[in-house]
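Each of the two complexes below includes chain A, the first together with chain B, the second together with chain C.
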Partner chain A sequence: MSFLPAGSYREGDSILHKMDPFCKLLCTLLFLTAVILSDTFPGYLLGAAGLLAVTMVSRLGLRTALSGVKRMWLFFCLILLMNTAFFETEQTWWEWWIFRFSADGLIQGLQVVLRVAMAMVLGNLLLSASSPLELVGAMESLMYPLKFVGVPIRDVAMILGVAIQFIPAFSEEAETIRKAQTARGARFESRKLSEKAGSVVPLVVPIFLAAFRRADELAMAMEARGYRRTKGKIRKRRRHLSPADGIGLLLCVLFCAAEVLL
Partner chain B sequence: MKQLTYVKKAILTAACIALCVVLPMAFHAIPNAGNIYCPMHMPVLLCGLVCGWPFGLLCGVAGPVLSSLFTGMPSMAYLPSMIIELAAYGLTAGLVMRFVHTKKTMADLYISLVAALLAGRIVAGASRALIFASGSYSMEAWITSYFVTALPGLLIQLALLPAIAFALEKARLIPVRYPRTAG
Partner chain C sequence: MQAVTGKQISFTYEYDGVSNPVLEDISIEIEAGEFIAILGANGCGKSTLVRLLNGLLPLEKGELKVWNLDPRQESRLWELRRLCGMVFQNPDNQFVSSIVEEDVAFGLRNYDTPEEEIPERVGRALSLVGMQEYERYSPHMLSGGQKQRVAMAGVLAMEPEILIFDEATSMLDPQGRREVLACLKQLHEMGKTILMITHYVEEVLDADRIFLMQKGKLLKSGSPREILTDRELLTQAELIPPLAVRIYYDLKDSGILLDRCPLTNEELVEELCRLK
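Here is the complex of A and B:
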């Protein structure tokens, strides 16, 4: 399968795997904030070093961490090229027609690419080191304040957990359907808009039907086993933070502060 | 099937959220299709139409967030505005579908779809003008980006979504809106 999404759970016994999922989610959000805030060269260097350290701690390997980024290389090249060619600036290298190639544009493009790539690696590491069930629990804890405005957080967390588990299955199904329709003569690569639009119908309708069929089967199985809407009080589980959780959170706060200062 | 149960609505919403991640990836195989067809809009609109406004709203919020986490798209810079736009689609599609009853499924679907597509675009434009690009966002930019560039996507959504809804009805995966009474 050529486009299985990055971030599928990989079992392991690293510190990252053993960390409390809620703590992991909080650390990821802090790290993400730091990555978004950074806009200087030392800031990006620190971000990259931090990500490398987390990858080493997770024992998932660079290949796993970068798997999503590698698939986006064409998009990154496009962003870089567009920023270099169209960025509004006074100092340009070379101008022709609507194109204004400049160093400022190249720097702007590099910043966008670096931020997106680092955010992708971060998301990838979180999803690879946390099982879907752990993530559901963590999301439920994170959404706990929403309970006070009437949001059924346990149901929302369940929906998100099921959605995460559906993604690899639907990806595989979508790829199979695409290949089958290509074999039947669908012209996805055509330059004509009408042919392109026509080719979308045999791709989208079966994907929706397959997805809804799978969802229907799961819903029936859940109802048959007595799953009902969550009502009443939600007991908040008491969480005991391990030293690794505390150290992880502290490091992320320090990292965020360092990025702001840099 | 008379009505969708709460559990079924929840699982269908989960499927639509997953499709928000999968469909854009599948469309990446078609050159420039992501910009033209806006594939993430389709599951959100369908979720609102089939499951109702709370589920449509959830799908509109969670879909882009999960997609951003899994695939990096939309990028963090565009994520907030996209969440607002998609949430408006899901919410409006569900709300209008709930209150409009013309006795014709096709008419209900089209009224809800057009209302949702318009409301989503107005909310997205307003959010850009007031929050994300305050002072530098013009009416021309709004019309160009949301109606001219996205015109093929708009037409395809208007053509495809009712077709998908009818296909799902025919496959008995969602209930018939106006069941024929015997006699």
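Here is the complex of A and C:
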């Protein structure tokens, strides 16, 4: 037995788990748009409060909601550094060669980091409280209008669903490969950026190869179980919207409007 | 009733303009309800042969009928795949959903099974493999043997007549292997036609017949006793005989002759006890 990696579905009977998947996906997209559009600190505070409320409603716990965010610290540091050093502004702290360190840049960087972190938490909550095939169905419904312009929505939804499901499997596989490469002398713990960048290669190549092999085997297993691009359904029949779904959607719209206005 | 009839089946893989013949003139007949083990070293064409049976690979040369259906007949290919279920080697690469019950229902939904029937059929399939308590689990939380049993349930839910196990035990630990083999035996007792691909000789002792393959050819078909006690034949197929058979021949080479060649360890003990 192993622990569930970030982004895996976790069983539960919270309001978020029981919510119609289509509504859940729509709310997530609305929330995400509001977080991206918001550019004031009161707006971010409201966003964080909203996320905290959703986490409490989901009964998944803060640890699940924040899983994966901690691992991104290097990426967040890079965003902060790039923004602080390159942001175009009149008032700079210190200038040297092509670098223009400024407070505005630091604030801009912090805003980007906050947005990315909040989007990750939102994604974690959606994935942890929705079964993968329910999500595939919700994506298929959401993309339905695209069918009329020739987009193969069934295929696209299935690809997205399988890709989402394979994220935890890949993180496990990456960890296994990392350990195998470490045993053969690869150095991933180096503090030097150049060495760190170079050490990614022995990790990325086997991960890609494994991904292709996995995709090939999964496609064959799916075909053997009667998957066709044109027939059959890939998820449970959609439930009728409950009053709770309607209330959830309304609250989300109101929250997003407040977030954008702030 | 004949479950499978194949005459002079050949198959060639083309890669970069180079032809690589994998199967040559294979003729097989399998009765409904039989337990057939396809035994052979890696690369001998075992997987290719069974992939032709349910149309995962196109039949190029020869005649093939599976449950009276021709895999060449495109319009009935999906019916064929329902009748001829297949469990693959790596359980992790067969899951479409990260919830056991959703994954087991995947095949049923592909065949437009009425939604109200699905929970019952999923429950029945999971019970058959002894996994009914795990229906809300994520496959990631299960052991190798349990994962493979869930994969088996996914196939069983479609109520196939023929079950193909393509090296389904090769990635499992001894406990997982025992679990899967016990399920397989139980399914055979229920009357399902079983085709099991393996290169482990110890796994095929319960089979009705063995198809021994070597380099794309059917070397011999016969009962486990006929095939597995023939040291020369197994050596020719690049396989190692079961432990009891090896000991029998080692004793024989040292001048100690047992009454008959034992197939299992129990038979070997019996024979050794008879020695004076």
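Keep in mind that, in the parts below, the second predicted complex is superposed on the first by the 210 of 262 C-alpha atoms of A that agree within 3 Å, B and C clash if a C-alpha of one lies under 4 Å from a C-alpha of the other, contacts with A are read in each partner's own complex, and residues count from 1 in each chain.
Please note the rule applied: a contact is a pair of C-beta atoms (placed from the backbone, for glycine too) under 8 Å apart; a residue touches a chain by one contact, two chains touch by 3 or more.
Since this is a predicted model, take the numbers as computed values, not measurements.
J.: Scan A:G12 for contacts with chain B and chain C and give back first, second, both or neither.
T.: Neither partner.
J.: If you count the residues of chain A that each partner touches, which comes out higher, chain B or chain C?
T.: B
J.: For A:S171, decide between first (touching chain B), second (touching chain C), both and neither.
T.: First partner only, chain B.
J.: After superposition on the shared chain, which partner residues are touched by A:P132: those of chain B (first), chain C (second), both, or neither?
T.: Touch partner of A:P132: chain C, not chain B.
J.: Could you tell me if A:S199 is touching chain B, chain C, both of them or neither one (first, second, both, neither)?
T.: A:S199 contacts chain B only, not chain C.
J.: Applying the touch criterion given at the start, work out whether A:V162 contacts chain B, chain C, both or neither, answering first, second, both or neither.
T.: After superposing on A, A:V162 lies in contact with both chain B and chain C.
J.: Should A:R228 be classified as contacting the first partner (chain B), the second (chain C), both, or neither?
T.: In the superposed model, A:R228 contacts both chain B and chain C.
J.: Show which residues of chain A both chain B and chain C reach, each in its own complex.
T.: 5, 162, 213-214, 218, 222-223, 227-228
J.: Okay, in this complex, where on chain A does chain B touch?
T.: Its residues touching chain B are 3, 5-7, 32, 36, 68-69, 72, 75, 112, 115-117, 119-120, 123, 126-127, 155-156, 158-160, 162-164, 166-167, 170-171, 174-175, 178, 188-189, 193, 196-197, 199-201, 203-205, 207-209, 211-216, 218-219, 222-223, 227-229.
J.: Can you list the residues on chain A that touch chain C in the complex?
T.: Within the complex, chain A touches chain C at residues 1-2, 4-5, 8-9, 11, 131-133, 162, 165, 168-169, 172, 213-214, 217-218, 220-228, 231-237.
J.: Tell me, which parts of chain C touch chain A in their complex?
T.: Those in contact with chain A are residues 54, 56, 78, 81-82, 85-86, 88, 90, 92-99, 102, 106-107, 109-112, 115, 136, 138, 140-143, 154-155, 158.
J.: Under the definition above, what is the set of chain B residues touching chain A in their complex?
T.: Its residues touching chain A are 5-8, 10-19, 21-23, 25-31, 33, 36-37, 39, 42-43, 46, 58, 62, 66, 68-73, 75-77, 152, 155-156, 160, 163-164, 167-168, 171, 173-174.
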